[in-house]
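In the part that follows, the structures are each spelled out as structure tokens.
One chain, chain A, links the two complexes that follow: it is found with chain B in the first and with chain C in the second.
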Partner chain A sequence: MKHRYSHKSLSNDALTMPEMGAILLSTQFMAAPDELLSLSINAGAVAPEGCVLLAMLGTLIVDLAGEKAASRWAPPICYAGLGAALLLLAIQWDTPLEPSFLGAFLADKLAIAFRAVVALSTLLSLLISWRYAEQSGSPVGEYAAILLAATLGGMLLCGSTDLVSVFVSLETLSVASYLLSGYMKRDSRSSEAALKYLLVGSAAAAVFLYGASLLYGISSSTNLQEIGIALLNSPTPLAALALVFVLATVAFKIAAVPFHQWTPDVYEGSPTPVVAFLSVGSKAAGFALALRLLVGCFGAFDEQWKLLFTVLAVLSMSLGNVVALAQSSMKRMLAYSSIGQAGFVMIGLVCGTEEGFASMVVYMAAYLFMNLGAFACIILFSIRTGSDQISDYAGLYQKDPLITLGLSLCLLSLGGIPPMIGFFGKIYLFFAGWADQQYLLVIVGLVTSVISIYYYISVIKMMVVKEPQEASEVVKTYPPIQWKTIGLPPLRVALISCVLITAIGGVLSNPLFQWANNAVAGTPLLQEAIELTTQRALV
Partner chain B sequence: MDASLPIRVASQGSVPWLSLIVLLPAIGALLMPLLPKEVNSGSNLPRNLALGILLADFVLILGVFSNLYIPQSPELQLVERINWVPFIGLEWSLGVDGISAPLVVLSGLITLLSAAASWKVESRTRLYFALLLLQASAQGIVFLSQDFLLFFLAWELELVPVYLLIAIWGGNRRLYAATKFILYTALASLLILISGLALALSGGEFTLNLGELTDRSFSGTIGILCYLGFLIGFGVKLPIFPLHTWLPDAHGEANAPVSMLLAGVLLKMGGYALLRFNVQMLPEAHLLLAPALIVIGIVNIIYGALNAFAQDNVKRRIACSSVSHMGFVLLGIGAIDALGISGAMLQMISHGLIAASMFFITGSFYERTNTLSIPNMGGLAKVLPITFAFFVASSLASLALPGMSGFISEITVFLGITSQDAFTSLFRAITIFIAAIGLVLTPVYLLSMCRRVFFGPRIPALAIVNDINPRELSIGLSLLVPTLVIGFWPRVAINLYEASTNSLAEALMRFTT
Partner chain C sequence: MSISNSTELICFLVLAFVVILGSLGVVLLGNIVYSAFLLGGVFMAVAGLYLLLNASFVAAAQVLVYVGAVNVLILFAIMLVNKREDLKPIPGLQLRRFLSAGICLGLLVLMFRVVLITPWSLPGPAAIGEGATVRIGEHLFTDYLLPFELASVLLLMAMIGAIVLARRDIQTVDVGTGNEVNQSLIEKAGTPLLVDKTTT
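After this line comes the complex of A and B, so read on.
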């Protein structure tokens, strides 16, 4: 396999920093001496991932020291690793753009934004998982290490610009996710979920590999940018086939209908904190992948994939939100709602305009907080009562005002009720869609939001409206609220911060919008696509 | 007008009065959860806090509008514009003109009285008053917002408090009524959002500022489509005939103070938005579709009245009479002249006061009889003479007795239609004739209800009840006195908005020539 590297996007600093790795690797490239000079590993770009990796190794090591040491030391190590990763990502924001690993990874602003979402979702999922893992009697260190491995894969996926690195990171994320969903070894539903996920996920991976090999055959390159150029020059029917395969993988990862079949079962069977990560972190990585592959690589098939994604978005919004109406389990309801939510984000993807991409980033960030806030609440409820049934929430207002308030605000935000953050994100998506004349998508989005308000508010109705005598048995025997148990204080921190950001973040959301627009403006890949879209519109 | 200019400019730079008016209740709502939990049962602290805040807010509204607002000017005053989220065109943009001012005063008064009437709310008082205050803020923003998105945000924001107010403290079928309310309103707001977006994105640069949108002209299909979208969207709130079915349920099931709020303020949001968007922003489409509005208005009047006959529940009967009375608002808006629009405005103010007072009195005797079913009642007049007097007075106001505000507003609407030369005389004659039938029907169903409730054999529940207490008396008087004052001296109200409605009618006239 031959790596190529384009000269024009190279900055001068790269030449002045010959690194050891570059010199070692250069021996393989004797055939092209002019390319030799421009070679640079630029490993600094993956420093945040390095922190996550170190934290993962650290947790594995303390896990060796026994159960007690692990539950004592694993949390601080994870916080430190993820915190350092987020810090490094913030520092990376303004550094000049420079491809690393011979064009296999690119830390552009798009990648940084999505990596931050993934890392933050892991951090919050970890905060809410300690108590849950403790209660289920599973080793904590192992759990944290696997979750960090999934994060590593997800973060690398966001910045991968080469078919090989895409596949490697995708598999890292997937394999870790299979392990996580089967983590409750004694629960047969968890094992079932893991097996289902594994089978469907492997099929998706195989399909992706097939598509990738077709792409390599057409363009004789694995670099996405070069594949894009090759496809632009000679769009063959074979490439359309490759597009379908690649699209299927993306759709599987973001759980778009009709590639969603695994979601409800996996979400219901998996441990709840894992579901929290899968529904946010894994999905964010999937959307980053969609942008890289479809926008960056299939520019030549712009109309085709946009049409396909329009269909997927309409199906996801309708089916996700309609089927959620009929669910009696909280986790299944949130699973279907997350399918619908992914449908909303796809509106931004289909637009292909500046606002479209920015609204995707805004909505993913908003979704991170409101969805994880909702998960924090249902985890706390299930820790205290052991139940995930919606009907068991009846009358909770009397016994646990914090969960009631938090869950209500997060669900209202998911339903797009002002002044929560979800309203602002959704409005931005719809504005972008309408401005790009995606009338069908916007109207379906609006109608299904109303449907979603119905099932979100029926949970709130269950908690708030029921009289004390109508409360469920579970709520009637609700344990006294106390926060002293191990693992509960971090859960409380995560819950309160998510709910606060959901409730107040909307009113103060201007910096978020600013950030998302900067992210889009600072990403050459997206700028090229936007230019292409505007040119087409003018023609 | 020149003299007013310095004041307006000065107020722009100094205190943001309008923001204070709309944010004060919201701040109060945020304070509610901080009150000690013991007060949840029995203590009056949440109610007193809410009452204090709403009273302060009402005084603030009166003070600002009497000192800083110049009713003679049709222009937007006390304007505040702050960029909020520029990426979606959201601005904190408030301003008051003649169409907003009277409705803000009305909603301030009704909300205050509805909080005062919430005497019997004993469970979850903190939540109840927090929702009431939140609702007060949202409705204030709806009436004062000069940015479409801010308007829409407030319009949606009001959904949840009202839903919970009906669903928690309502009657037996409260969940059904609340769900019906939220689904109707949420579906309607889709059309509002789509129409607003379509307007903002068509014809020039993207803007959501209402003033800038008004200055553009939207002609042709886009104007008409958006007009219809707005009409249906706001028509659910007003309500317009086939979209009204949520109203008898919601008004009938909510407790009396919430019904006061629903009838007194929420319906006016629909009428206000019709004036602000359909008439002011889309004059061409309005001129085209005005006859249709008149037809719908007539259907509303007659259908609402006939429907009221069939209701056995006092509150449902009053709710149906609301449908009938809001038909006059449609009629006035459809008359496309200064008199008609002025009549529509006055009808909104007058109906807000009268309907609130009827719901209030109903609530007050419901507390004593524990039934609202007309066949189960009777003989209240002997035991509750003052309640009886109030109820009859409100009914007379509602049936447009001369000397009450309803008379003035309905007669103005009629005059507006008769003096509109744009319609053929046959159309005008038929309109007046059918609407007059509606006027005749109103006394029939209202007075027959009075007879059945207050006369006849006394019901057992009345054995040991006391008549109206001073608190209730003062609330009732606060609603009836303005009705009488407006009835005898309508200038009090008309002066507040006349400049704006005249300029609105002038703008419409410009398009006819």
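After this line comes the complex of A and C, so read on.
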């Protein structure tokens, strides 16, 4: 019987899991049932996701006892689940690498780093969302459960090494995001956001499926590593078409121009804590997917996808930062700014060097804290005043120094002003780009950074420079500051910790850099790509 | 050409004709009920193609899931929303139609070209026929175990989300403060994006 793995020797001692599984399956008539059962699936690799799943089920169960019980018990259950997941990820860091689920999942250091970013972004988004959810009257228990399901999808997406698991986890993340963006069902803006996101997202998913089916047709395997080998051996024109389809989906997920049209409307219409998650967690998962698919699978089309990504990065940086100048709504401005920020991260992806990948990880981690810090501030402002117009922030420093200070620091960091964490992340990205001779990208990045500093600083100017009599109506009737209401203490914790890390994390960022370098050094996938790049450079 | 081969070819041609004509009808017809019924026909014809490829399990699943569930759901949705509303004519609709037709034709030409210049490794793997169900089951519980289990989480979450969005009971009081709430964004709109039909 001629099966698809016939080119591999059976006597090879170093058989990896997918090969063993395939051999067992192809010789199924000989294999005794107990032999199938004795296969090691190494399910311990997804233990962190298991914690998130347990937390999700726990929240659903306490939600049965009514809204009061849910708002009392859902937060601690979520904290426990996500905290345990982060702890297990930390333990997983030093365990030897072994593919799990017969090649469907790989918990390499890259996956662990991105899963930690996703889990941490959910934890922080949940901390800042309780008050918002209750004040808007949406059921808290289901909200937390859906957000945890999105996290589950995002975390599995970071480590998936099989087209089928990539697609199912991508859909889990996406469907949960559609639901969350339409969660304020009485608000037409929220419904519009959900509908737009659903339609564009489904189209993107269909395009991905088409590309994936082409890849399966070329290589007759769904395993990314085997597809990569098949593409390397025979790079057909069909594979280039599949590359375009897959790349469109990745670009949709990270909201790169010109696949960004959904972003401003969805960000404006969704509940603000959901926007916080979408702009960090969902984007981090998207970048992990980009690394897995493009670096791991399309190594044979290295030059093509790097060229395409250069174009996407230049467009994202320039359009995102220029259009953000003209926005009057804070959420919309942050939406365009997040498009620009994704453009910066793409510089690291295009480099394909050790520094490039490490700078991506560093910048994603830095972006997590500074962006969520900024969102914590604007959520607190809208909880107290019910507005997200930039002009309503005028003269805020006299009424609420904490929001003013926190938002100023986070926006300065997003702009890349020196002592903050964002500056170090950005300088590392530009350094990696310059070392790899990506002069165009670095120059565009520098110019658009300057533009971004302008619109970030104009918000700060609005808050700080205005005289008391120039303050907006909203600020003049600002409510007295109190932290007693349910849900406000967690928001304060998230706000202060994000702002602290943003402010002093930059100076003490050495562990972060080491962590990112370790993550890249401990990932075989990235090491192979780096070797390939250096070999090309020598030739 | 043997009888079995020519029968297969004729079946394929008929099914392909039905699929192409049906899907053109789904897209081009103005009445959405016709589109929905034609979509059911397309799904059935695709199931027929699977049968021709000796994949009876996939064909059965296609009929059960797509015709039995998805298409019936679409028809239910259409029947439930029996509100005739005259929409405002979209400016430049004809031009837009031509543009999108041009783009679609371009894509089609590109696909044709790529399919023709790709060196396919023919013949492909032989069909297993009746053994396929066993093989699919084994795959679902070995190398596709993770996506299989994750799909259950996805379905659970989609169900909960659908219930949350569709149910009528509305929370009217903020648990923390006792203030009135109305399940809308806290940020009040400066200018509404959509015209709110409840107030006008």
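Here, the second predicted complex is superposed on the first by the 500 of 539 C-alpha atoms of A that agree within 3 Å, B and C clash if a C-alpha of one lies under 4 Å from a C-alpha of the other, contacts with A are read in each partner's own complex, and residues count from 1 in each chain.
Everything below uses one rule, namely that contacts are C-beta pairs under 8 Å (C-beta built on N, C-alpha and C of every residue); 3 or more make two chains touch, one makes a residue touch a chain.
Keep in mind that this is a model prediction, so the values were computed, not measured.
By the touch criterion defined above, A:Gln261 lies against neither chain B nor chain C after alignment on the C-alpha atoms of chain A. Of the two partner chains placed by superposition, A:Thr477 touches none, neither chain B nor chain C. By the document's definition of touching, of the two partners only chain B reaches A:Val465; chain C does not. Judged by the touch definition given at the top, the superposed model places A:Glu134 against chain C, while chain B stays out of reach. In the superposition on chain A, A:Ser509 contacts chain B only, with no contact to chain C. In the overlay built on the shared chain, the residue A:Thr534 is in contact with neither chain B nor chain C. Which of chain B and chain C touches more residues of chain A: that partner is C. When the two structures are aligned on the shared chain, A:Ala145 is found in touch with chain C, with no touch to chain B.
Residues 110-111, 114-115, 117-119, 124-125, 134-135, 138-139, 142-147, 150-151, 153-154, 156-158, 160-161, 164-165, 170-177, 179, 181-190, 192-194, 196 of chain C are the ones touching chain A in the complex. Taken in their complex, chain A has these residues touching chain C: 4, 18, 21-22, 24-25, 28, 36, 39, 41, 46, 53, 56, 60, 67-68, 71, 100-105, 131-132, 134-140, 142, 145-146, 149, 152-153, 156, 160, 162, 164-165, 167-169, 171-172, 175-176, 179, 182-192, 220, 234, 236-238, 241, 265, 268-269, 271-272, 328-329, 331, 382-383, 386-389, 485-487. Of all residues in chain B, those touching chain A in their complex are 84-90, 124, 127, 149, 153-154, 156-157, 159-160, 163-164, 167-168, 175, 179, 182-183, 186-187, 190, 193-194, 197-198, 201, 206.
Chain contact summary for the complex, chain A toward chain B: residues 355, 358, 397, 412, 417-419, 423-424, 427-428, 430-431, 434-435, 442-443, 446-447, 450, 453-454, 457, 461, 464-465, 509-510, 513-514, 517.
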